[in-house]
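In what follows, a single structure is set out as structure tokens and then discussed.
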Amino acid sequence: MSKQQLSRNNKITHLIAEYLRIRARSTALCERLEVEDYTVQPIADVSPPKWHLGHTTWFFEEVILVKHMVDYSRYHQGYRTLFNSYYKSAGAHWLQSQRGELSRPTVSEIMSYRNYVDKQLVNFLSTAEVDSAILSLLEIGLHHEQQHQELLLMDIKYILGCNPLSPTYFESSLDNTHIETAPWRSFDEGMYEIGATDSSFAYDNEKPKHKSYNYAFAMSEQLVTNGEYLDFIQDGGYDRAELWLSLGWDWSNDNKIGHPLYWQKIDNEWYEFTLHGLMPLALNLPVTHISYFEADAFANWKGKRLPTEQELEVYLSASSDLERISNIKTQSAKSADIFHPTSSDMPFGQVWCWSKSHYSGYPGYKPYQGMLNEYNGKFMCNQFVLRGGCVATPSDHYRHSYRNFFAPHQRWMFSGIRLAKDI
Amino acid sequence: MSKQQLSRNNKITHLIAEYLRIRARSTALCERLEVEDYTVQPIADVSPPKWHLGHTTWFFEEVILVKHMVDYSRYHQGYRTLFNSYYKSAGAHWLQSQRGELSRPTVSEIMSYRNYVDKQLVNFLSTAEVDSAILSLLEIGLHHEQQHQELLLMDIKYILGCNPLSPTYFESSLDNTHIETAPWRSFDEGMYEIGATDSSFAYDNEKPKHKSYNYAFAMSEQLVTNGEYLDFIQDGGYDRAELWLSLGWDWSNDNKIGHPLYWQKIDNEWYEFTLHGLMPLALNLPVTHISYFEADAFANWKGKRLPTEQELEVYLSASSDLERISNIKTQSAKSADIFHPTSSDMPFGQVWCWSKSHYSGYPGYKPYQGMLNEYNGKFMCNQFVLRGGCVATPSDHYRHSYRNFFAPHQRWMFSGIRLAKDI
Amino acid sequence: MSKQQLSRNNKITHLIAEYLRIRARSTALCERLEVEDYTVQPIADVSPPKWHLGHTTWFFEEVILVKHMVDYSRYHQGYRTLFNSYYKSAGAHWLQSQRGELSRPTVSEIMSYRNYVDKQLVNFLSTAEVDSAILSLLEIGLHHEQQHQELLLMDIKYILGCNPLSPTYFESSLDNTHIETAPWRSFDEGMYEIGATDSSFAYDNEKPKHKSYNYAFAMSEQLVTNGEYLDFIQDGGYDRAELWLSLGWDWSNDNKIGHPLYWQKIDNEWYEFTLHGLMPLALNLPVTHISYFEADAFANWKGKRLPTEQELEVYLSASSDLERISNIKTQSAKSADIFHPTSSDMPFGQVWCWSKSHYSGYPGYKPYQGMLNEYNGKFMCNQFVLRGGCVATPSDHYRHSYRNFFAPHQRWMFSGIRLAKDI
Amino acid sequence: MSKQQLSRNNKITHLIAEYLRIRARSTALCERLEVEDYTVQPIADVSPPKWHLGHTTWFFEEVILVKHMVDYSRYHQGYRTLFNSYYKSAGAHWLQSQRGELSRPTVSEIMSYRNYVDKQLVNFLSTAEVDSAILSLLEIGLHHEQQHQELLLMDIKYILGCNPLSPTYFESSLDNTHIETAPWRSFDEGMYEIGATDSSFAYDNEKPKHKSYNYAFAMSEQLVTNGEYLDFIQDGGYDRAELWLSLGWDWSNDNKIGHPLYWQKIDNEWYEFTLHGLMPLALNLPVTHISYFEADAFANWKGKRLPTEQELEVYLSASSDLERISNIKTQSAKSADIFHPTSSDMPFGQVWCWSKSHYSGYPGYKPYQGMLNEYNGKFMCNQFVLRGGCVATPSDHYRHSYRNFFAPHQRWMFSGIRLAKDI
């Protein structure tokens, strides 16, 4: 066996292990659910957890097995349509807003589907001639599955949180780590490099690495806290049109929005629903589950502004000094099983920070070819970029160049605010 | 023990037995479901089966136990709202259209709720001084539960039928019984008595018995069949505005309606989804799952008309001659486990027949008092009456005076057509 | 010239005069409008006045001239579609809800259209062989035009009334005639004749005359007044679910209804917008512009009920004793130019009274043939009958057998309440 | 009189002349309308022309007279609300979507309102101490009025164009000027200056002038023509999901979009509705009235891309060489009365070119203070920037730094496509 073959075999062995580890985490995240929790779709944005388990499986089947494995036969013809999210080039797809109408396939049938595809894929990787293009698709598939792990947590939280019985995902107390930091960190005017290189995995939308000229700015070292946000509310923030974008004002009035998604006022006290139960509002934890509209209104009220995505990337990259990282690692080891932000001082990994940047292709952007052409580019309209990862983001899935994106009214993700200002 | 006491005790013993029998049938109807099937709500009209199981329990709790049992304590405070369907006088109620958003309480928790209330109610009936007003509420509660048994079958059918995988409730072949009958049965002009007396159970909306002057008419002895309805389709019935009510024309165009709810065309052949599987369309079985709009358009196409509800009641009452009844009994013994019409010749018990009568109070109508005031009267607007029962109606729940009612666009119930004509 | 010919010629001469008189009234009703008032459509139900002027003209063109006049050429090909209201058999029609989108044809062009058709029609009647079928269509056309005269007043009122500047149609003071009457008039149980004969003009939906068995009832001799309705409001009528139909409760909550359509509260005083200006609410005038939902809730609050349409027809027919008629005539001479009810004591001609009867075909109902088949029958769904005429109804258009009909939420017509009760 | 006073007086005299000239043009643009054309609002985006005439007047009244003129009394209290477009800080405003519901005030009343305000304003300018802050507001007011002149033409076109009678604004033949140009113009990578300085009038959103680093690109010297766009349609452009943004695909399917807004196919020939009548589609004129979604799909089909707004500004500024300007001037002299693009070769002034840039504040952006704070900033969400002006833009209102913006589905403005590519 040549060295090259050996190295290749090692790489494949490693990828299989990664595949099994990541796939197992998806089902593990659901272990605390009742069958009924897997099934419902309270709003169009929130998919039934069982759908996520099916769709991520479909992704590997459709992108790798069907196209590249000789004599592969699909687990079920009907799943081709049912678990296609939106890929027009992969044929018809079931409407997103109607995922919760389907009681079948059952959770148990979907688990069988997962097992079938896992077995086939491992078999395929172990035995077939797998070229680098396929390995690249596999890598994307794994990152895709991790994206859905975050979505699973978001959707589970919504499903439990909209229930008047306020069921708990699992009980746990929330520690609150506070590290004293300087309030603002300054950055000079000048040319910066933005985006990812090809040296390690990144999505097409993070490339190419390119120059961006930024004016001098300062970034807050602290995430906006529940306490600060409560001040905004108590100062009439939701009633002062001058603070709001025009669309945001209409949105908050039409939907009678007066506080972050999971806040509840009970007997005149504020509580926050978390995956770990309904808890008294912790004033020094980061505010989360807010829309772009709310983030922007808050920034206006504060006399500051939201950062651009370039500024956030510059800030995040600069934040990765060793001492901080070691703090964060300690933190994240601990938070492995906590799905709620516990610190307003950390530069990343707590809440996705809204940027004021519209989600658009970088200069020279080249979308994936084939079916995955639809992965990112077609959503570059009416969405804003968020940066920095959150407690629900798998830590080995996160990168500083990562561009998350949502419509300005959405807030069921773990979104938050980091303020910037001109200097 | 006096004779009166003895008779009273016997009556209570009998009612307890009835209660347990009827309650058990509700859960028995669900035994063939997967947990996921209990949970979803594909359209607002169709409630999750688990909601029906909770709501019928709530009804006994709210109407009897909470009001009449000393020291009764509710199973769960939250259920008061969650399982209230629409009774404003019973406090807040969860929105009908959002029943499918709730994964909790689980099926298993609802079964515990049923057990708790059953135990309490049996205990209450066995030991407390139960007056006739309470027994009357109990009787209504049992009929209410039986109404929901029909709704359960309708909703289960919709949940399975809207699923592209076409799951089967349970497999069974459908016999087709055909009895030769005269095509039309005539009735003279004159005064008829319509409605129910107090001699046995009937809802408030079936009373009082009253005089109604009817002109001479003839009623078809045959239900309209799938074959006849197919002729209507093939003759362009859905494309000819002159056959349709104005609202019906808009409805069929806006919703792209071109056939009964559960018909499917596969490879140019017609199939019908039933609770017993997807089957080739049986041309001589009664057409079912059609709206008032379709029934009315069909009647116009045929040059006939829909009957009034008075005409249907006159016809149904006249149909109960002994020989026919014995046929029907044989039939219904057999059909105990078949939830699809098997004969177009039977006068009742196959499909609910649309009448052209708007649902309204009879002359001298007195609604129930108290919370049950909301049982019938408040729905007397924009609905049409259907008569004759269907295969999903519990046979001991059915009466010729029974007035079912639905909005003219609805068709997920087992509705069909019996034509009438002036003579 | 034979006698028959003479009589025929006289009849035609008379019809031409009637035609010109009635046509002139339509434009006369609009003389007080600004061009802008002719053009807008604030809600789908309310058509621009210029559309009414065009449509009534189209009716004569389409039903008579195009079909029966040799060599007739349409005034404008485009009007065939633009002024067709809903007759599917007459080809395409412009959507009702989009009539207000069209600035053209202008008012002045529509006036030319009217002149053209009038000239052609008079010429046709004067010179052609006009058979009785055509004369019958002409008669329908004239009644159709008179129906639209009432609609014009309703629509003009809405257009002015929804304007925050509250423009006045024309100024006039409203007298208030009060005749003392017995409060209730009783009718015996028994068989009554309902409907119109062929002896004089009536629409198809008023026929055939037929027997109807009514139970004993009493009808209020007084229309419900603004004062009584205000009591209902002040007693929390709009907030008490138990008084309302289920659909009505949803309607009033969804639309935040808390008073009749044209009432306004200014500086804590009630006013009513009328065609003669905004006036302080006159407590002893009949309440008007209320929906079926409101009328039904009011009746429930009062412990009475709405009458059936048969009861109203019996009452109206019985009310035509000579003395009363002479009163009414005096009244109506005076009210020729007043388009607001001025008396709660008159049996008819003030406000259309809601009946609890669904609009449906009478026993033996035969709709018109041809295009006019769509005149009445296709609307027999989800509407309630109103009886008795109103101040906007041309007096020579009114009959006791007249069946007006509206959906239960509509209230821009001059609708009101006359209560009934069982005796 | 000091020199300074003299210069100031001259400046005021000049501004008064400008004011009268610009105000007169607004009414002149409407002279060809019928009264009915001033009044309707076929879709929410399109305001009745009379509303524009009122609103622009309200702007001067509200921003200058009410705040700065001693003893000024409003023309009509009700107009304060009726003609407020969306300024929350100026109190309540009539809903945009309901402007077409109002027949009053009439056109003639609005003309009186204009005259009143004009007289007062001229008087105020001539006699009061008018400081530079007020002059600055006046300047904004004049540009605001010019913006509405373009809107007037857009809205008039829509009102006439949606009418099935296709009325003509005024007749005129469209010349087609074709100048041979090189197909692409290249620009080097490097730092560019973007935005307006304070040396002449510009809106707040065009400032501050700032550095932007652009990669090398080439801009097409030709606007995309109707002929090229027709090729896109005939190549199935509207049916190929892979060319479309996700939101765009849904938009085009939901609204059954298959061609630019004003194209019509009659007897298999393409026509285009213009303000000068319905004309056979001119293949070498610029395509116009297309949405961002369509522009983006076209660019994808062509294998090119839409430019950024920075690239467009760089291109426009570079295009202003003398020879070209003289061509353009000749052209624009001629086109003074033509409101349809006549050349695909001109760098600006033909159709607004969609950029791929989201409408956002420039680095260091400072919005106006006071009521005009709402002029631009609050719309910086879900809109895209267009550059280059169009035939409906007053030529003295246009600047290369001008940022027009619309939502990606809108297309009733004179929008078009100029392609870019990376080099």
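Points to keep in mind about this one:
As written, the chain order gives the labels A, B, C and D, with residue 1 at the start of each chain.
Operating definition for what follows: a contact is a pair of C-beta atoms (placed from the backbone, for glycine too) under 8 Å apart; a residue touches a chain by one contact, two chains touch by 3 or more.
It should be emphasised that the depicted structure is a prediction, and the values quoted were computed from it without experimental measurement.
Contact with subunit A and subunit B alike is made by no chain in this entry. Centre to centre, using the average C-alpha position, subunit A and subunit C are separated by 60 Å.
Distance between chain centres (mean CA atoms), subunit C to subunit D: 47 Å. If you average the Cα atoms of subunit A and of subunit D, the two centres end up 39 Å apart.
For subunit B, the set of residues that touch two or more other chains is empty.
Contact topology of the protein chains: cyclic, one closed ring where each chain has exactly two touching partners. Looking at which chains touch one another, you get A-B, A-D, B-C, C-D. Contact residues on subunit C toward subunit B in their complex (touch as defined above): 86, 88-89, 191, 210-215, 241-242, 244-249, 292-293, 356-358, 360-361, 363-364, 373-374, 378-382, 408, 422. Residues of subunit D that touch subunit C in their complex: 34-43, 50, 78, 81-82, 94, 98, 100-107, 159-160, 162-165, 167.
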